[in-house]
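Each of the next two complexes has chain A plus one other chain: chain B in the first, chain C in the second.
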Partner chain A sequence: MSVQFYLFLLINGLSLGMLLFIIASGLTLVFGVLRVINFAHGSLYMIGAFLAYSLSLLMTGGSLFSFFVMLLVVPPLIAVIGFVLEYTLFRRIYRAEHLLQLLLTYALVLILDDLVRLVWGGDPRNVTRPEFLAGSVSFFGMALPTYNVFILCIGPAIALGLWLMLYRTRAGNLMRATVSYPDTLGALGVNVSWVMTSTFMLGCWLAGLGGVLMSSFANIDLAIGMEKIIECFAVVVIGGLGSVGGALLGSLIIGVGITWLPVLLASVGVQEASRWALVFPYAMMAVVLIVRPWGLFGKPER
Partner chain B sequence: MRRTVLKGLAILFVAFLFGGGALPANSNAADTIKIGFVADVSGIGATFYKSQKAAIDLFVQQTNAAGGVLGKKLEVVVRDAQLKPDIGANMARELILAEKCDFLIGPTSSAVALAVTKVSKEFKKVVYFHTSNTEALTSTDYQPFMFQVVPNTVIEGRGIAQFLSKKPFTKYVYIGPDYAYGHTQHNSFKERMAQLKPDAKILETIWVKVGETNYSPYIPTLMAKDPEMLFTSLWGGGSATFIKQAKPYGFFNKTGITSLYDLDMLRVAGMDMPEGQLGYARAAFYAIDTPQMKEFNQKYFDKFKEWPADWAIMAYDGLIALTDAIKKVNSVDSEKVVTAIGGLKFKSLRGDRFIRAEDHMMNAGIYVGTTTKDPKYKDFLIMKDVVEVPAEQVWFSLDELKKLQAGQK
Partner chain C sequence: MMVNARNSEASSGTARWLVGAVVVVALFALPFILSQLGRTGEYWIWVTTEMLIMALFAMSLNLILGYGGMVSFGHAAFFGVGAYTVALLMKKAGAPLVLALALAPVTAAIAAAVIGWFCVRLIGLYFAILTLAFGQLLYMVVFQWYTFTGGDDGIHGIPKPEILTPIAYYLLCLVLFLICFLVMRMIMNSSFGLTIRTIRENMERAKFIGVNVRRFQWYNFILAGAFAGLAGGLLCELNRFAQTEFLHWSKSAEPILASLVGGMYSLVGPAIGSAVLIFLKIIVQQAHPSLVETWAIFLGLILLVVVLFAPGGLVGLYQRLTGKSET
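And now, the complex of A and B:
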């Protein structure tokens, strides 16, 4: 295999990683500030994808306009759902033990997944890619789908945006301060619970964005939420719970790993090498848990 | 306030617990034939269930309007197996013991089917399988109280090999889901192809996880082998997603794709589906040219405002066979009905068929053809030049069956 082919796979893998990052960053952000692993994050992402599907029916399929409307409308809608969930449920369990949090978010998964089935039915759905992004660009004579390139651009933009927000704005400072000194912050007159609600909504916004991007990327069905939350969980464990930078690195490791591993193994004569790619994220997670239990970018528990 | 909320939640919870159970009081058992449907209602089972249930309802409605079977009305009770074998087995037991069902209809998932067939054997109640198509049901896990009306995985794999062996391709690649269905189909395809066309080779085999939504890591790897044809055991949303993602890589400029093009798959792929691709259906409503199929299509469309998917046709055929067997022995006693199953000849939607005595497999072949646009169907492609690969040419020979059934667990 030529160097160009590996480069092509690298770009391919990076774009796969970026899509994962957009969703996983929401999960890790919420954990970082709220200390809750929100398993319903995958369900919110799925609702985002199905909302995008519904919106696409109202507009001309495959137009750039309808795609941008989806991108603008759906993530805030998911953030609003997030607001309702946070206000009514999540804020009651921040100080509860992890088992209770797990029970609540898992119950939410079941309820939301069934709601999706009630509203949209069980059929897989297809959202047409906007024509502008449906083609491909030439890369060393190989065709690289424009949509993958698009995701490859959105991912870093989100990463940069999150970084700027967390480290260069007052809102970000408050979020980070909430992690370490919630009581002090409250004493200083900051409405800590509002900071938490906002963070949760931002996390949901990212889930919604991932859902919209996914709806045009693959066909969507009732299983995509569960599929993605497991992958995201692996990403977040690898990167370090609560670390956005870690989620970025974790996503890219998984994306590129899955893409490269089968080809590398096959080139040294391993049969059915693709099966190894299936275990890669989880093997990676296990290795990280053994060597560095707090993740690549995480901090050990005090 | 809080109390009312709690009360509401408690009611919701109780409703949730018993939600699966149908509430209507038991009607007089003597006047009805109760059939328990162990269905995969949840998750990705939902699409299949919708069509299966629709066809079953249609059958029950028509039969009851015509006076029922042996003067008794049919009644169907549904339980959700949730694609989980242990739950499926429990639901089957509940349908037999609590609901007093005389017969069972199988689920979508093969794993659940293998659990349900054990319950059917234990209680000696006839069950039929219409969508779950593992060949184990008729071979290694065979028991006489079941029959299968869907082309099984071996018939599919060998049938598609037989079809493709007549085409000029020699360079194949394969991608499929990493579980029993994919592996059996792949092996059947590979073995039969090696017999029929020794110079044809599978240059790359890729296994992906069940429910994979992203094939982009694997598409360039497949293309690097410069194949003429891709055979895939991906199905439904999976193969539709593969096509959607492979298209912009230029995959279809040089390579064709062969897969299960059931109606649900064609519907979800929509106009993303490329024309001129060779594939197969388990039961294609638009291609089966029998009067009963045409009548069924029309009634189904009138009632549900959509065309019947493969699973609908097969679930309906199973009920035809079951009720014919009941009429033949003039009894609803499963132990008597089972004596009529082996060798039963019946008029299915797919034409005149029989159930082989040795393994209770219906001679259900696959329908092969080429994808094409049709002005009659605006939202999806269908296949043209459809012919059936007769099951008799590709199903287990009696020798093979003997060996497999003897090695039974």
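And now, the complex of A and C:
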């Protein structure tokens, strides 16, 4: 195989990784501030994807306008759903055991996933890409799908935006302070639960954004929520729970790994290589947890 | 962590033995009563057999969850290993059911020993995620390995011995369930069980008094895996097939939900919980055909209510209502 082919795969892997990062960064932010692992994050992402699909039906498919409307409308809608969930449910369990928190979010998965099925049905759907992003870009003699390149640009923009927000704004300072010293922050007169609600909404906004981007990236069906949440777990564990930078690294590792491994395995002569490569995120997650439980970027607790 | 643990299990009064005896007699009589009901009766014998098996699965998880305070999201792995052991031995090697069922907990225990050895090094959330990762890893391997496990087709048509009528199989499951129940009860009331509970209540202190925490947790993990393997083997023979779903992490959630609904600080809680959930599922689905699709919503709502308002589960509610503190 030529170097070019591997480069092609690398770029595709990176754009897959960027998409994963957008979703996983929401999960890790929420964990960092709220100390709750939100199983329902994948379901919110799925709802975002299906909402984008419904919106695209209302407008002329494939127009740039409809794509922008989806990008502007859907993520805030998911954030509003997040607000409702946080305000009515999550708030009650911040001080509860891990198990109860996990189970609450798992209950939400059961409910939300079935609601999605009731509303949209089980058929796979797809959203037409806007013409502007539908073609391909030639790059060193390779034809790269424009949409992948577009995601490759959006991902770092989101990462940069998150970094600026977390480290250069008051809101970000409050969030980071909530991670380390929630009680002190409260004693200083900050409304900590409002910080938590906002963070949760931001996380959901990211899930919604990921959903919109995914809806034009590949087919969407009822399985994507479950599938993505496990991948996000892998990403977040590899990078370190609560670390946004870690999530970026983890996403790229998983994205590139998923695209490269089938080819690598096949070239060594493994049968059914593309199927075996699916094991990769889990294996990676297990290895990192065994060797460095706090992740590549995290710090050991206590 | 879990404050409302009461450890007066040893002081069981005669009343409790009496209740237990009545329940056991009723359980033995049940299939004979049901068999008078014709087709529906046969169906309910099948359902109650499944209830017994899933109750055993839930109780096995509760050894680590309720008693050990370790949240595992990969317990289905051992359930699945047990199921596939029975399926492969009977279908491919032509082994008799007795041998297959005897080996199911052994292979599951071996899998649990390997996976547990890594997992017990972590605590809390990290333990939960690592068990999830290993569980999914095993699921993926079974899912991909067509030549050995049949991949996503599963293994079908597992032979059924002639003498095993539905009633006979129910009785077999009941006897095994009761034996496992008594063994678990014995283990959890022994010094081993008390140590496990000590670790749950305060791991640091357990370390200070010289308990090898990891080793105890590891042994407990293996035990739980072995019982789960037996449950998996039994379900495999009941359905006469093994499928990859048995190892999926959503299957791991089932005994957790059962433990939560039933009450995880007692031995019978999870068993009651899983029987109640299976019963509710069938009632909901029979109430109206359109409800078949929405069972997950019901389950989710039940779960929400339990998490928010009754984290002690049914057994906890019963204790609160009667003011008793026997766990």
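Here is the rule we use: the second predicted complex is superposed on the first by the 292 of 302 C-alpha atoms of A that agree within 3 Å, B and C clash if a C-alpha of one lies under 4 Å from a C-alpha of the other, contacts with A are read in each partner's own complex, and residues count from 1 in each chain.
As a convention for this text, a residue touches a chain if its C-beta (ideal position, glycine included) is under 8 Å from a C-beta of that chain, and two chains touch if they have at least 3 such contacts.
In this text, all values refer to a predicted model and were calculated from it rather than measured experimentally.
Participant: Just checking: does A:Ala286 make contact with chain B only, chain C only, both, or neither of them? Give me first, second, both or neither.
Facilitator: Touch status of A:Ala286: second partner only.
Participant: Thinking of the overlay built on chain A, is A:Lys299 touched by chain B (first), by chain C (second), by both, or by neither?
Facilitator: It touches nothing on chain B or chain C.
Participant: Just to be sure I read the superposition right, which of the two partners does A:Leu103 touch: chain B = first, chain C = second, or both, or neither?
Facilitator: The answer is second: A:Leu103 touches chain C but not chain B.
Participant: Taking the superposition on A as described, I'd like to know which of chain B and chain C A:Glu272 touches: first, second, both or neither.
Facilitator: Once the two structures are laid over each other on A, A:Glu272 reaches both partners.
Participant: Between chain B (first) and chain C (second), which does A:Leu115 come into contact with in this model arrangement: first, second, both, or neither?
Facilitator: In the superposed model, A:Leu115 contacts chain C only, not chain B.
Participant: By the touch definition at the top of the document, which applies to A:Arg168: first (chain B), second (chain C), both, or neither?
Facilitator: After superposition on chain A, A:Arg168 lies in contact with neither partner.
Participant: Of the partners chain B and chain C, which touch A:Arg125 in the superposed model: first, second, both, neither?
Facilitator: A:Arg125: touches chain B, not chain C.
Participant: Please work out whether A:Val237 is in contact with chain B alone, chain C alone, both, or neither, and reply first, second, both or neither.
Facilitator: second
Participant: Is there a shared patch on chain A that both chain B and chain C touch, and which residues make it up?
Facilitator: Residues 113-114, 117, 272, 275, 278 of chain A touch both chain B and chain C.
Participant: Spell out the residues on chain A that touch chain C in their complex, using ranges where they run on.
Facilitator: Residue list for chain A touching chain C: 37, 89, 92-93, 96-100, 102-104, 106-111, 113-115, 117-118, 226, 230, 233-234, 237, 241, 272, 275-276, 278-279, 282-283, 285-286, 289-290, 293.
Participant: Given the complex with chain A, which residues does chain C contribute to the contact?
Facilitator: 1-2, 65, 71, 73, 118, 121-122, 124-126, 128-130, 132-134, 136-137, 140-141, 144, 146, 249-250, 253, 256-257, 260, 293-294, 296-297, 299-301, 303-304, 307-308, 311
Participant: Please output the residues of chain B touching chain A within their complex, sorted ascending.
Facilitator: Spelled out, the residues of chain B in touch with chain A are 42-47, 49-50, 178, 205-209, 211-214, 216-218, 220-221, 223-224, 236-237, 240-241, 244-245, 248-250, 264, 267-272.
Participant: Along chain A, where are the residues that touch chain B in the complex?
Facilitator: 1, 5, 8-9, 12-13, 15-16, 19, 113-114, 117, 121-126, 128-129, 134-136, 142-148, 214, 217-224, 227, 255, 258-259, 262-263, 266, 272, 274-275, 277-278
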